[in-house]
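Paired with subunit B in one complex and with subunit C in the other, subunit A is shared by the two complexes that follow.
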Partner chain A sequence: MIEPRHEASGRKLRFEIFRYNPVDPSSHPHMDTFELGETPYMTLFIALHRIREEQDPSLQFDFSCRSAVCGSCGLLINGRPGLACHTRTADLPDTIRLHPLPVFKLIGDLSVDTGSWFRQMAQRVESWIHEKVPFDPKAQEARMDDDLARAIYEGERCIECGCCVASCGVANVRPQFVGPAGMNRIARFMMDPRDERTDSEWFDVVSSDEGVFGCVGLMACHDICPKGLPLLEVYAYLRRKMLAKVMTPLAREAEPSKRQSSKM
Partner chain B sequence: MFRAMNTTTALIERSSPDGHQEARRQLLYELVSGASGLALVGFMWGHMFLVSSILTGARGFDWVEETLQDYYLAQPTVFVVIVIFLVHAAMASRKIPAQLRERRRMLALARQLRNVTGAIPGLAPGDPRLHPHVESLLWIWQVRSGMLILVLGSFHIVLLSLDALTPLFGARTGIEAASTFARVQGGLWPVYAVLLLCVEFHAAVGLYRLAVKWGAGSHLSRTTLWRLALVLFWTFLGLGVVALAVLAGVLPPPLTFLVGS
Partner chain C sequence: MQAVFTTDVLVIGGGLAGERCAIEAATDGHDVVLLSLVPPRRSHSCAAQGGMQAALANCVKGAGDNPTVHFLDTVKGSDWGADQEVVRIFVDQAPIAVRELAHFGVPWTRVRPGKNSYFIKGERVDISEPAEKVGLLMHRDFGGTAKWRTCYAAAGTGHAVLYAVDGEVVRLGVSVRDRMEAIALIHEDRRCWGAVVRCLRTGKLSTFLAKATVIATGGYGRIYGQYTTNATINEGMGAAIALDTGVVPLANMEAVQFHPTGLMPSGILVTEGCRGDGGHLLDKHLHRFMVDLEPEKQELASRDVVCRHMMEVIRDGRGVETPYGPHLWLDLRHLGEQHLTTKLREVYEICTEFLGINPVHDLVPVRPTQHYSMGGVRVNKDGQAYGMTGLFAVGEASCWDMHGFNRLGGNSLAETIVAGRVIGRRVAQFARANELDVSTALAVRYQRQQQKRIAGWLARTRSGPSVYAIRDAIAETMIRKVGIFRTGSELEQAVEELSKQLRLVDQATLRAKSPGMNPELTFALRLRGFARLALVTAVSALARTESRGAHARTDYPARDDAHWLSRTLARWPQDAKEPVLSYEPVGLIDLPPGHRGYGKVESVDMTDSVEEYNACVETAWRRQGALEPVEPIGASMQWGSWRAAEAETEQRRRA
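== the complex of A and B ==
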């Protein structure tokens, strides 16, 4: 646990919030300022709701689960991507600047459309198990090594909040880059022994500057991820996997299936 | 399958018969950029020890240089290093965004992340993710120092190649203590001071990034790697500053007793 940096002792918090409504022709991007008394255990989620209820009902922001599971409330907090529900005001200074996440399409104020981005990513990555034999519902499910199952689950913990994408320098300037969340998804399926896409098939597309070699190694995605996903390890895993692919003698490329467990 | 973006350019590129070849090329670029950097770091460490022979005085320095020259170690090294230097510049710079607007965006992002402390609940104390994120900004400085090295390093390489291969400067063919002293004291010391700082910074951060990019999740933690990079940075910077101070005439060579007077 982290100790809160400020006691919640009736501080007056100053919120500077990005405002813009793209569907309103009279709206222009600007910052609005709100003041709010801090209460114990206040999160940005609570603060934003109070501002909307008490001061400006037109303020737009996303939320759903308020417990860091749905990934809706990602935003820039003093310039650093994070989840509103997961961030206590006690950890922040008196002035809190909020912006929507960059890279994604703006819906209004702090609300962005992460859904479309993640949908196109999932479609590019073909984010589902690829089997080459027809599914047999009566057959017993293939057993999986415990460590491997845990490693796959680690990648599955992604809540698609978009904080890693917003913090990625490359994703900020090159829309073709599949991004940290995309790489995480690829690694998850590459590790999965049930997915029968071969290393060769993966290699032709992951070993590209839209894929793993587009990454410059800024490490921001790993540092920012509110769920603490080991994204650096994902990238290193993919790099090593790509290298191993070329090192593997040609004879083994002909293998029809890659049913062998690989660990991160 | 992972689908590449379907821009027309991308489609035209992929209409070439072998996508596999392109993937191999991308891997090769990445490997060459890392390996050439690694080779240059190795060379710079050796280089630093050789230059440090100036700490034993002009005699020690000249003896080391003449030995390298006599055994034909210095002359081919000049050519090999020039090639690796240029290859590294070409390969490592391929990820620098071309447009100024894109660079400004990356800089703004890096500065933003540098200024804010992380507050991710549930992480163990001491986790690097609880600190402001510095690696993005370090990369910007890696690019900047790289640019400076390309300019100042090229100047240095040309000058020293002429020293090593021609009798143009000094009394004979080869690098000499006397002409080096004259050069540094004659006004080139700021150039060497900046080059030294850039090289040590670029090498330390580059090694750290390379280790994390390929090895994250294996034996050494990122914190350990970072500390290692800092130790290397300060060690070689310290050694370099002392050697430069001797060459600039600010400090008498402290190890002259090793070669006798």
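== the complex of A and C ==
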């Protein structure tokens, strides 16, 4: 990392970082302390790389895009889940405490296995389009209203960083809970007219304690989401759809067609 | 423990090119193992904001577009360095590929009915899109294209496409192994049989033996350190392990693209869509210099041209001075809050989150930043690596070669999918026609070699430089002396400095000896390959005494088609101290070299006729180790089709 080394605020930052290497039998969970002079535009991406390269080269953490689109760098920052790459130290107090995200399996220090968690979620909710017809390479694309495309894109913006899952009171105690990110995935496919799954099929996935009715309404996910996804509305949308399903025959009126009911 | 796994197809790299290739092989019934440094959805493909070029001609400003016009733009954009047959394959397949992605669920932005407001060359223009096109895939304007052609999903095309494609990978049951790094290819007698793989969870080694091995590890922008838009994982290790074989060449490594709008100071990319949608570039006096320098295309000339003008303006002392070096301004204010918070939302978020500025009211500090590697593992049109049966490469890691010396915006994301489909099919055919006829003793031998290498790093005790110091020194040399403008004397210095850093790799010592993945060891294992890629880039740039596309020599400003209408091939023979260069023809020429329509005009004409040039292509390629493609060379050419397209475009432009 070639970062400007001059001081900006003159602040001396104190980092308390969780350490544990499960592969090393002599390692035990503990906190290590590092000090670093703050530089202009400093983010936790810059700070953690400096700590590793200048002070402790064994420190494990994850980054990739460093621009808040890949979702690699979720951490507990002073107890609150967030993306390290877009967290500016200027917005934090002199002492910064970093822990790995809970719920996910620890790989080492600040690094957790979100990949396996999201893969099992994708398999569970079958996170792909269940198409009505096979692809015809010679045909023009099926038309879609641009407003609907935008609405689907809204749900598609989730970067699977795991911050919502880590902040979820239910996900922390019930491993089977599909979690806010999972709910968001489901809502994204429910509103997509290209997907043939009916609300009845979704009902089996969504309507249990492991799905939307497992949520106890703390809604930390909504407050925490680094991409500002409207998870409150996602839950409301799913509950509404599920209630409409059980309240037959009213359901037929409440749910005229996928295309029209797509706006959350 | 010697863990040996077998599969039909081993794909190294979980970005879009690798995943699309894996889908093709899995659909054909093969067992596919896909290795990725990160969970595939975190691959750098997710960061592509702009879009995918496909000539569907769905909006008014795309009217009259077709694959041949796309062909013209791409060949001109490449500064005639591209293989025109590969360009043809690409432009013909791109419309099918984007439609298939719509089928996979990508929420492409669609044509909206009635009056639409666009910014064109800085002016607000209202255009009414015809009713018969409403709901089809919309296009936006990107640099270097005659038509609006780039399909996009708001400002997050790469992300949306990657999630849709990864969904298909999950559906097909491809065995995805994330946090796994291929650190050496297993090969014998010019036949590749898989790779030695290190687990980035535990540090354990294993080998994966496969009938076909595919390198899809993306670019190597990190050799430019912080002066790149690339993710931290883009260290080019697929190309590096191919180079390590001693027989597989890397091609056109000197062709490095810089993006006009890397955000200061971190290098995060601000999409070309900003300029496409009407953003302006300003100097420190807030003067819009591109209007003077490129009156026709203005901010939308191709990337290399815009970057060079920006660097000239900075060299003239018209950059804004900061402690991080000079920069210019990107002005998006006139696009308005509505536009910036919807169509360019990711850009808006990057500005507010990372810099604490609001592009609705504030200017955005930008400078040209390394962005894309046109060079890579040299492959034939089927994606087969030169000189090594059973090894394929696809996407940015490869030199296929549809970009030549400059890639157009919207053509790389499109390449990942189109090449993934085309090459994936060839990989599947290859796996069907071949058996896994390899001894596990070979696997064990390769694995032991790597174990020894690791043990060597951990055992080294004398005090040497840190691996990060070497990395930083390489990056400083690259940005200062192998950057946008290049000269012979600086390149000579660069070669010397990089050779020295490469020698230092053997003296570097680790401070962390902890068991497990050990992040310092993980990087140390990449360091020699990293230094070699940098040196190959500098050596190739020094040798090419002309300017073509992104390769701009101030001491040789002309494009020289008499001597340099060629592709650089760099091999690194086993135990050699430096790479060995050779050259081959770019490919069959249909559209003869001419003026690109933007940028400099200076050039030296071909001395051979096109017919004479074309007559030598096949023999010359074979001599360089090119394998026989399934269909003969030239089978996909559509000779002369560009004439009508160019005439039509010219007519429309006049009208």
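Here, the second predicted complex is superposed on the first by the 241 of 264 C-alpha atoms of A that agree within 3 Å, B and C clash if a C-alpha of one lies under 4 Å from a C-alpha of the other, contacts with A are read in each partner's own complex, and residues count from 1 in each chain.
One rule holds for everything that comes next: a contact is a pair of C-beta atoms (placed from the backbone, for glycine too) under 8 Å apart; a residue touches a chain by one contact, two chains touch by 3 or more.
On a predicted model such as this, the values are computed, not experimentally measured, just so you know.
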(request) Check whether A:N21 is in contact with subunit B, with subunit C, with both or with neither, and answer first, second, both or neither. (result) second
(message) For A:I107, using the defined touch cut-off, is the partner it touches subunit B, subunit C, both, or neither? Pick first, second, both or neither.
(response) second
(request) Please work out whether A:A236 is in contact with subunit B alone, subunit C alone, both, or neither, and reply first, second, both or neither. (result) first
(request) Considering only touches as defined above, state whether A:D145 meets subunit B (first), subunit C (second), both or neither. (result) second
(message) A:F63 in the overlay: touching subunit B, subunit C, both, or neither? Say first, second, both or neither.
(response) second
(message) Once chain A of both complexes is superposed, is A:E126 in touch with subunit B (first), subunit C (second), both, or neither?
(response) both
(message) With both complexes superposed on chain A, which partner does A:I186 reach: first (subunit B), second (subunit C), both or neither?
(response) first
(message) Per the contact definition in the header, classify A:A220: touching subunit B only (first), subunit C only (second), both, or neither.
(response) first
(request) Name the contact category of A:R52: first (subunit B only), second (subunit C only), both, or neither. (result) second
(message) Give me the intersection of subunit A's contacts with subunit B and its contacts with subunit C, in residue numbers.
(response) 1-2, 86, 88, 123, 126
(request) Name, in rising order, each residue of subunit A that touches subunit B in their complex. (result) 1-2, 5, 76-80, 82, 86-88, 91-92, 102, 123-126, 130, 167, 169-170, 172-176, 178, 186, 197, 200-211, 213-220, 222-226, 228, 230, 232-233, 235-237, 239-240, 242-243, 246, 264
(request) Over in the complex, which subunit A residues touch subunit C? Could you list them? (result) 1-4, 6, 21-24, 27, 40-41, 43, 45, 52-53, 56-60, 62-72, 86, 88, 90, 107-108, 113-116, 118-119, 122-123, 126-129, 131, 135, 137, 139-146, 149-150, 152-153, 156-157, 159-160, 189, 192, 194-195
(message) Quick check: in the complex, which residue numbers of subunit C touch subunit A?
(response) 38-39, 41-44, 46-47, 56, 96, 98-100, 102-105, 107-112, 134-138, 153-154, 156, 159-160, 163-164, 166-168, 170-171, 176, 178-179, 201-203, 225-226, 231-233, 265-266, 268-269, 323-324, 342, 346, 349-350, 353-356, 466, 468, 472, 475-476, 510-512, 514-520
(request) Mind listing the subunit B positions that touch subunit A in their complex? (result) 1-5, 7, 10, 19-20, 22-24, 26-27, 29-31, 95, 97, 99, 102, 105-106, 109-110, 112-113, 115-123, 125, 128-130, 133, 135-136, 139, 209, 212-218, 222
